[in-house]
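For reference, chains read A, B, C and D in written order, and residue numbers begin at 1 within each chain.
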């Protein structure tokens, strides 16, 4: 598979200082990017630079440091709007993480807009962060939780999904755009069509998807889209929620505090305009500055190049791993991103992860915060290799060789 | 006032790279630390170092990078427990900010433990972050909100405070330990005695207090204590809630997601042990590592030295500013920390702030997220100078001179 | 303690606070309610607590005959309200809107390259406020009275700073 | 692809997974429910999904006569359960607790300087598990069966990894 001239993984690797580290005496082979990605130098430098030359609390400061820091922080909202093709920067709400974004939705939209008796639809391959908030809503407010079935290949069962809307009760679909376990990308446009045809709004958990492909919320036609900064090469402590302005305006605030008010008296407080209504307290200032740098970095490489590189990695991984005796690939979706789960017949996933670690290779093992999906697949755990823009084809080969050794070791 | 041999402000200033900056051609005089403090090099380096040499998502990873990052992150919990003299590291809950901590309390304790008909007591000098969450609780759950009066000097009116407990309805006191506007330190031990005598629990908003003096939660005898990382020389994006273990265990979780569960099925999920029950999603990993470095730095200087230095700064500021014609100091509490609010007769606080900024001096002007307090004081706004460990007596003099010029300018 | 220079010891402070701003901020000429008026609106900047009310009286041809205001706020907002009241006198609604657009651009950027030639005169009067562009959070102080005025012209009751 | 060395091509993997662990992990000797038992308890590590149940039969003098277990988990946890069943045989409750304390220290630190001399023998048997100290998240895999055993001795029904 040929790569676009602009994509040079060796050059990209030079942008990530951590990749020169060794682990247990071996060169680090970091195949755990779906849990959290490594940070390029531009992100590290942007945060350092802010702390060294231009820092103060923002929004209400009248002095130079505060004005400049406000500008630097607010620039991330513009960068995110462009990244997702949102039409209005006021539609970008900044949170602590995607878990924060999803909880905001479950509280503000779930308790403030949905009515008892209505239903929320999730899928059979959600991360706990897109299950538990809705369960809590269900148990507290009598809003039904419905789970769309998935196929054995790990794809959304569209007929089963559509059937959930028959009684007209569904008010909201909150569904992953890409599974963090199986790599499956869900058919977002079809999901939106079906949900809208039945009068339901759609929220995507795009935590994985936004790392692997260009997200265009206007083309998708969805109503809300959430993701988390640290998986897109940005810092921890910052998450994103995009929502249509008229919907955000209808939603009550969630967290109360500084910055989200228009005026406060003991009798009654009034709220700031969106998005500030949802942003209580000192925001993640340094994190916003870091995420801005990460987005600029991703944009400078371009999603076309990223997607093509990842396709090559996934193809190689599927081919190489399938060829190893005793390895079973978990998840065989047609449309998929850079995440490959597998099991080994003779060894538990935890033993596999530890023995790979012994060879410098970082993979994740366990239920990947998706216990219900594990149960659906009749598994306790899988091992998972996941890729970033800095992952090389050679690293896939190193994984395959190491896995072959592990299998021999356990034979 | 003599300084302890260990406290050398010139040396301390070398630890803060930003302090060599100029603003509008003048050396930066940063007197806005109460809004957010500047960061010492050790904090900057700890975060940079993590991103460059040792980073991965934590808690569930079995590989080397994850294990080491988990250790580095969890170390902040121990450092906080020591800092506050908590007896158990499991009593330290990490949040996104103190606003996050207070909202957690309003949701989890307010909606999960308090009962409709009970009352929450705040004071007349709270930050919006300690007003709005309780207002939202009141309006949603029928829990009364009572406001303890303050005196004209800006101290808690203890008799008025105690009177609020007469009917036995108060379940929780949520009160500032130090006002971010007036600098007043509240009589924490007395507050706890009175509240406990009436069967109420006590939560302190220690966002300002923890910057200026040693907090010993066991000596205070309180039940909960909250603060925010970025004011204690740490990064944005991290907050702290300490609570007695048996109380935390009684509280339902607030945010749902990864890491806060024990097991998840669609029917029912069970929660992790405290503190993880309250920590949903990928935590502020880099921020925890940065805050750990900030705490170590503060501890290396020591609260005795910090408090003594600040007393000198406050004394000088009160003396110098009071001597300027037209300046009124707002807040005359006996027990106070490094925050001084003032007004100028001939100029609006915003004009004062801008004209000080023009001379390189950063102060804050406005309502300081404390509108009800402003109303109590019959003011629209004040200008506020606030001090950090790097503030010098000379900077106070620069402020006084500049303010004299501003007053002449407006005469 | 004041620096002793022959010309103006406050030169460094005057790039934003020119004499006219200090003067108008202290003693505005139009800072009162109109006895008789055709339209009024309030403006509110919740971020900083500035508040203003503007009253407008039209001439028979629909042009602005008189403007008065009552403001609580900083020198910039009061001076801006006062200069506004002066410069909009005799203008019709669309003229006034064009002038606001030009003023807003100047407040934000310090210059107004797209200003219509016909606005040269009033813009000259408003120019002392151009220094706010260097203090982004103060731009709203300068534009708030204009928002209230436009709201009054539009028949809206309240305006908020953008 | 495997490295070709004369001695053991898996030397690098064997610092944690010694032969005895692989062997016990694959074919545990005590990996079954006891037909007749006096106490039983379950252990659960929610973080990684490991689960174990332990059954205990006492001799007339109160010492442990037999231990059996049923485990779902990794090689480390199964091997640890199996070695535990072997080493606690013939010990009374307080002996068993002391052995667990010593084992836990070894699992966490790799050594056990405070081990009682009397425990030298069983600790020798458990020593192959000392390598887990270098893999902090795997320590719980090794200690989980012990937690379940202690819970059974205490008459508690369930134990959770610390």
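Please note the rule applied: a contact is a pair of C-beta atoms (placed from the backbone, for glycine too) under 8 Å apart; a residue touches a chain by one contact, two chains touch by 3 or more.
Keep in mind the model is a prediction, meaning the values are calculated, not measured.
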{"item": "B-D compared against A-D, more contacting pairs", "value": "A-D"}
{"item": "Per Cα centroids, the chain farthest from subunit B", "value": "D"}
{"item": "Subunit A-subunit C separation of Cα centroids, rounded to whole Å", "value": "47"}
{"item": "Centre-to-centre distance between subunit D and subunit A (centres being mean Cα positions), rounded to whole Å", "value": "38"}
{"item": "Whole-Å gap separating subunit C and subunit D, where each centre is the average of the chain's CA atoms", "value": "79"}
{"item": "Residues of subunit A engaged with two or more neighbouring chains", "value": "60-62, 66, 261, 263, 350, 354, 357, 366"}
{"item": "Interface hub residues of subunit C, defined as touching at least two other chains", "value": "47-48, 135, 138"}
{"item": "Residues of subunit D defined as touching subunit A within the complex", "value": "1-3, 10, 12-13, 15-17, 22, 25-26, 47-50, 72-76, 135, 138, 141"}
{"item": "Contacting residues of subunit A [partner subunit C, same complex]", "value": "59-62, 66-67, 70-71, 261-263, 272-273"}
{"item": "In the complex, subunit A residues that touch subunit D", "value": "347-351, 354-355, 357-359, 366-367, 380-381, 401, 404-406, 408-410"}
{"item": "Partner subunit A, residues of subunit C touching it in the complex", "value": "46-48, 135-138, 160"}
{"item": "Residue numbers on subunit B that touch subunit A, as the complex places them", "value": "17-18, 21, 23-24, 28, 30, 32, 35-36, 38-39, 43-44, 47-48, 51-57, 60-66, 96-100, 102-103, 106, 127-129, 131-133, 135-136, 145, 147, 228, 230, 235-238, 253, 255-261, 263-266, 268-269, 280-287, 350, 353-354, 356-357, 361-366, 369, 371-372, 375"}
